[in-house]
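First chain written, first letter: the chains are A, B, C and D, and each begins at residue 1.
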Amino acid sequence: MNSGEKTRVAVMGASGYTGEELVRLLLRHPRAELTAVTSRQFVGKSVAEIFPRTSLHPSAHTVRFSDPAAEKLAAEAEIVFLALPHGVAVEFAAPLLRLGARVIDLSADFRIKNPEIYREFYGHEHGASDLLDGAVYGLPEIYGEKIRAAQLVACPGCYPTSILLPLIPLLREKLIDPGSIIASSLSGVSGAGRKAELDYLFVECNESVRPYGVPKHRHLAEIEQELSIAAGSSVTIQFTPHLIPVNRGILTTLYVTPTDTKQIGAAFEKAYANAPFVRLLGEKSLPDTKHVVGSNVIEIAWRHDPRTGRLIVMSAEDNLLKGASGQAIQCFNLMCGYDETAGLL
Amino acid sequence: MNSGEKTRVAVMGASGYTGEELVRLLLRHPRAELTAVTSRQFVGKSVAEIFPRTSLHPSAHTVRFSDPAAEKLAAEAEIVFLALPHGVAVEFAAPLLRLGARVIDLSADFRIKNPEIYREFYGHEHGASDLLDGAVYGLPEIYGEKIRAAQLVACPGCYPTSILLPLIPLLREKLIDPGSIIASSLSGVSGAGRKAELDYLFVECNESVRPYGVPKHRHLAEIEQELSIAAGSSVTIQFTPHLIPVNRGILTTLYVTPTDTKQIGAAFEKAYANAPFVRLLGEKSLPDTKHVVGSNVIEIAWRHDPRTGRLIVMSAEDNLLKGASGQAIQCFNLMCGYDETAGLL
Amino acid sequence: MNSGEKTRVAVMGASGYTGEELVRLLLRHPRAELTAVTSRQFVGKSVAEIFPRTSLHPSAHTVRFSDPAAEKLAAEAEIVFLALPHGVAVEFAAPLLRLGARVIDLSADFRIKNPEIYREFYGHEHGASDLLDGAVYGLPEIYGEKIRAAQLVACPGCYPTSILLPLIPLLREKLIDPGSIIASSLSGVSGAGRKAELDYLFVECNESVRPYGVPKHRHLAEIEQELSIAAGSSVTIQFTPHLIPVNRGILTTLYVTPTDTKQIGAAFEKAYANAPFVRLLGEKSLPDTKHVVGSNVIEIAWRHDPRTGRLIVMSAEDNLLKGASGQAIQCFNLMCGYDETAGLL
Amino acid sequence: MNSGEKTRVAVMGASGYTGEELVRLLLRHPRAELTAVTSRQFVGKSVAEIFPRTSLHPSAHTVRFSDPAAEKLAAEAEIVFLALPHGVAVEFAAPLLRLGARVIDLSADFRIKNPEIYREFYGHEHGASDLLDGAVYGLPEIYGEKIRAAQLVACPGCYPTSILLPLIPLLREKLIDPGSIIASSLSGVSGAGRKAELDYLFVECNESVRPYGVPKHRHLAEIEQELSIAAGSSVTIQFTPHLIPVNRGILTTLYVTPTDTKQIGAAFEKAYANAPFVRLLGEKSLPDTKHVVGSNVIEIAWRHDPRTGRLIVMSAEDNLLKGASGQAIQCFNLMCGYDETAGLL
């Protein structure tokens, strides 16, 4: 592909934190040309007006928010990112695909392969279940080849990424007992989205830490689906998310029972030798969200506890980048044949 | 005891966060008369100068920091609180006791009954192992009767309190598998003490969350000692502390395998029916450190997960109050025959 | 007054941060008996259910939120606190007073003596302008005697308190040029109230600092009214509030041109010699909100700058205590003839 | 200059927050090749080991910290950045310049033109006063042309940048009274550097706001020097810095007496029409540090207050970027003839 050529992209639903990050990353991307952004509440405003941090980019002043319309977007963009709420993205994916656009969806709408499990966790029928088979789960370290060729990519959620990347290599190599997995995750408040709700007020979150969604969080559906694929058998895990007073960042601590403690390091090295965004800390140091916030990197460390026999695996990522928009750009790079790190350094 | 009479108290080593809280609580306490505070670095200064927040109390202006000297303190105070570093408290306890003072120690020095385990976790011989047998572990909800009569009380650490109070009733009633315990704890930065170290600078902690002390934290010694007593057999647990950007507060999430899920609530109700500072949230709501910071309360909630069969028990406390100085005051109240909540409302 | 006797009190509109603090302080107060709390959204719930931090007080479990009804409240309480929004408090004050209750209003409704100025700043006619003359501005250090006898007390706002207490002594003694006053104030987010608005979300406030309400903030009306009384002439000031990422606390830095720099300290000493909650730091140290948060204290410091000739006066207070509910309790103490610090130590 | 060619650069003293930002920006810069970094404490370690956030850049793994040695650095680099403490930078500048390197100094050592004023504010004789005349004050919006040709650039401090850029256009156009300037600045804690001091511990800064350095802060020397140049007469200002609990960001509120309120906007437009990093908010909106943190932008807004006649000018910047390392890169771009925004988008 010619090094000067750019891919025309559009973002639907760019009004939340994820959408803002996505727009910001695309404006900086050397191979992306942002042609359209949609958001009903901001129609007519320029990107720079709504997201002051983008103002150094000339296109932030010329691109204006428009109403969502699949026809227009498909005509203007080769790849359309959907940063819409769960249940809304599904309405736009089918028409966009029909009109020839490739779609990168950041919602949960196309992550679950089994429509019954979708209904169990999301409480309603899936609106376009015929598309589920073709959708590729957008975890580049796991599904890189499929993502390259995909028409529809379903980007993983922030919690799933922080749990799947540390566990999949261990499950694939049969190094841990799949029934023993316990995930304790701590998330920054941007993970709750940009919603005017009392629970997420500064005074309610600052100087506070609390668990929520105990014991059955929606993200379990996609986490267990992908862990089961890696294990080759059905996996059920324990997962507890907690809200902590930081803007960005997820720290996940995983407790598992190993079947072989000597191959852990080798399994990680093998899985991620060519993964630019996976920083293996091994047994030297421990992850810290401040080392990954603002980047697309996920840190992974592990320790064997000889007292209990358990293995503790820990990860840290930026929930808005490796957990959302950065990962979407990584998928975009693969889909376009660009360097995986383009626009993400 | 006459309602107007006060008990003379002294605080040794009152220069850190724990010491400040202790002094503040004692100044407010209707039945305590603060007669002395010691701290080498502050000798000659008044309490109000060093701790501006105490300035509304007249004694904060008259009581001045002095050099530590057991004879003087024992002459002036009936009960001496030791807020000294681990390994230093042990030097003062024996002479104080010999001179007739009762001692409430907030360090780890007298918490471990077995001197071998002390050496394993603290790296040196215990300096007064003959006192270990007589020391009472200062967890009032568990050892209330013994604390009343004790000459030497070893107040529990902040993490141990947050783990022991939720687990002891379940272990005593044989409702959980003692080998299944995993504790994931999140602590505010005051838990690290008032030390000028890079790791605890604002910029290093703010917008950061990180595990530490993995896998063998010193507090495990006292946690496992007390859990083993409750279980009637040797208990080894998994424990991972994390540092989060709040000043105060510990949130602990416990993962255990229940042997009987129907008696959980009853066991808690039975254990803590008369415990003023234990707030059982049951299955109605989830703990939040902001609801306990500034008070001596510990919140405990639990959920059974039918998908995994596990029981999740969560607690929240103020690490400087129920996890340290508030608990010490609660012990003081028992030792003096005062109402358990005196000075703590 | 008999030391055992309690005054029956009620709180209307106890659903925000100010109301919660007020209820918490009244429950702890040795001479107050909380008989009723109102809040339409919480009718039927107990105080302890809505405000978990009050749960150690037995009455928090028995007192339940009721619908606001002046007759009922006046029958049950001798003193009624109004923690209602501006413009709503005015509707309840007149009937309560008529029915014989004394009223402590924490809203802005009765702070402005001149109804025209009220209209200019609040945008509508005052609803009970006949009550304005009789209302006493609830700043105990300035109007202590009038507050003792008042039927209706209008508690000052948080910014006004932080500006008035440092300036009134200097204006009364003619030590500064009244035309030179510039006030730069920094407030914690609880000052914005408990409202589900995007601007006050954690992610919008954390890692952010911003001015707002420039140049004409509503609080100017009461600030200038009281400064003019102290100066004996009409005073207009510059005032810029800023929002900073702390839960509680206001720091105000005042820039004034002195007419006599030698009498500053003496003027403060004279004005506040018997004011228990004013902590004069003089030229020794500088105020810090962390030294006053959680208490009813205001810290005041000053520095003369020989390079510019200006005087810099700085204050720190807890916006919810000395800036709101603590001050209301201080007024309550005066109105009942109790010690000014009762329930506030 | 050939678009592929890179300039070889070195960083001395890269162990603090400023140094880390500088290294990070240089690694990302399309026209810079980092050849050396020095720091006595980190000798032998790679950049990626010390600054995990740089790990995506291959050179972060090959460039290792070395001992500071002017000869070696001058041989390896065309431009040397000094991120050394005040008083240390001066020792290295002269040898480096002699050996032919151009120097960008981020310390205060070469900012003050008058050695007497340097001594007054810094308490000791200047160590290389012969270099002061040739040093260019590194504020690109003001000294762009001189910076292009400079051998030695003295980058402004964080507070000075936040005060000078808003005021210089107004002083140059004689639109404000130079004797009326009052600057109230709020800074994030990274401004204090990476020092293990109690004052900057998380617990001491979080939930705290405090003024410091009242009334004579060191930065006044350079601020008044540059304001005087702009005004064409000696200017003395009032300046109060405050510490607020954010990692990064400075918000400055300026109070001045205008001589002509109608030309304010025009003066700013004229001054900064071609300044890519100055975002003029005018009277439409107010600055917020969260809109500039992470970028090299400074936001400037203003309001005229008809009640007092004063003009309020407000600015927001990232103290580590536009207030330090970003500005140094901007100078570097000018010195090398690169686009002013290269590496800063």
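Annotations
The rule is short, and it goes like this: a residue touches a chain if its C-beta (ideal position, glycine included) is under 8 Å from a C-beta of that chain, and two chains touch if they have at least 3 such contacts.
Predicted, not measured: the structure shown is a model, and the values here were computed from it.
For the pairs B-C and C-D, the count of C-beta pairs in contact is higher at C-D.
By residue number, more than half of the contact pairs of A-B reappear in one of the listed pairs A-C, C-D or B-D, namely C-D.
The distance from the centre of subunit A to the centre of subunit C, with each centre set as the mean of the Cα atoms, comes to 47 Å. We define each chain's centre as the mean of its Cα atoms; on that basis subunit B and subunit C are separated by 36 Å. Subunit C and subunit D have centres, each the mean of its CA atoms, that are 41 Å apart. With touch defined as above, residues shared between interfaces to two or more other chains in subunit C number as follows: 204, 206-207, 245-247, 288.
The residues of subunit C lying in touch with subunit A in their complex are 17, 189-190, 194-198, 200-207, 245-247. Against subunit B, in their complex, subunit C makes its touches with residues 28, 52-53, 55-57, 207, 276-277, 279, 288, 291-292, 294-295, 297, 299, 341, 344-345. Interface residues of subunit D facing subunit C in the complex, by the touch rule stated above, are 182, 184, 186, 204, 206-212, 214-216, 236-238, 240, 242, 244-249, 251, 253, 255, 286-290, 293, 303-305, 307-308, 310, 312, 314, 316.
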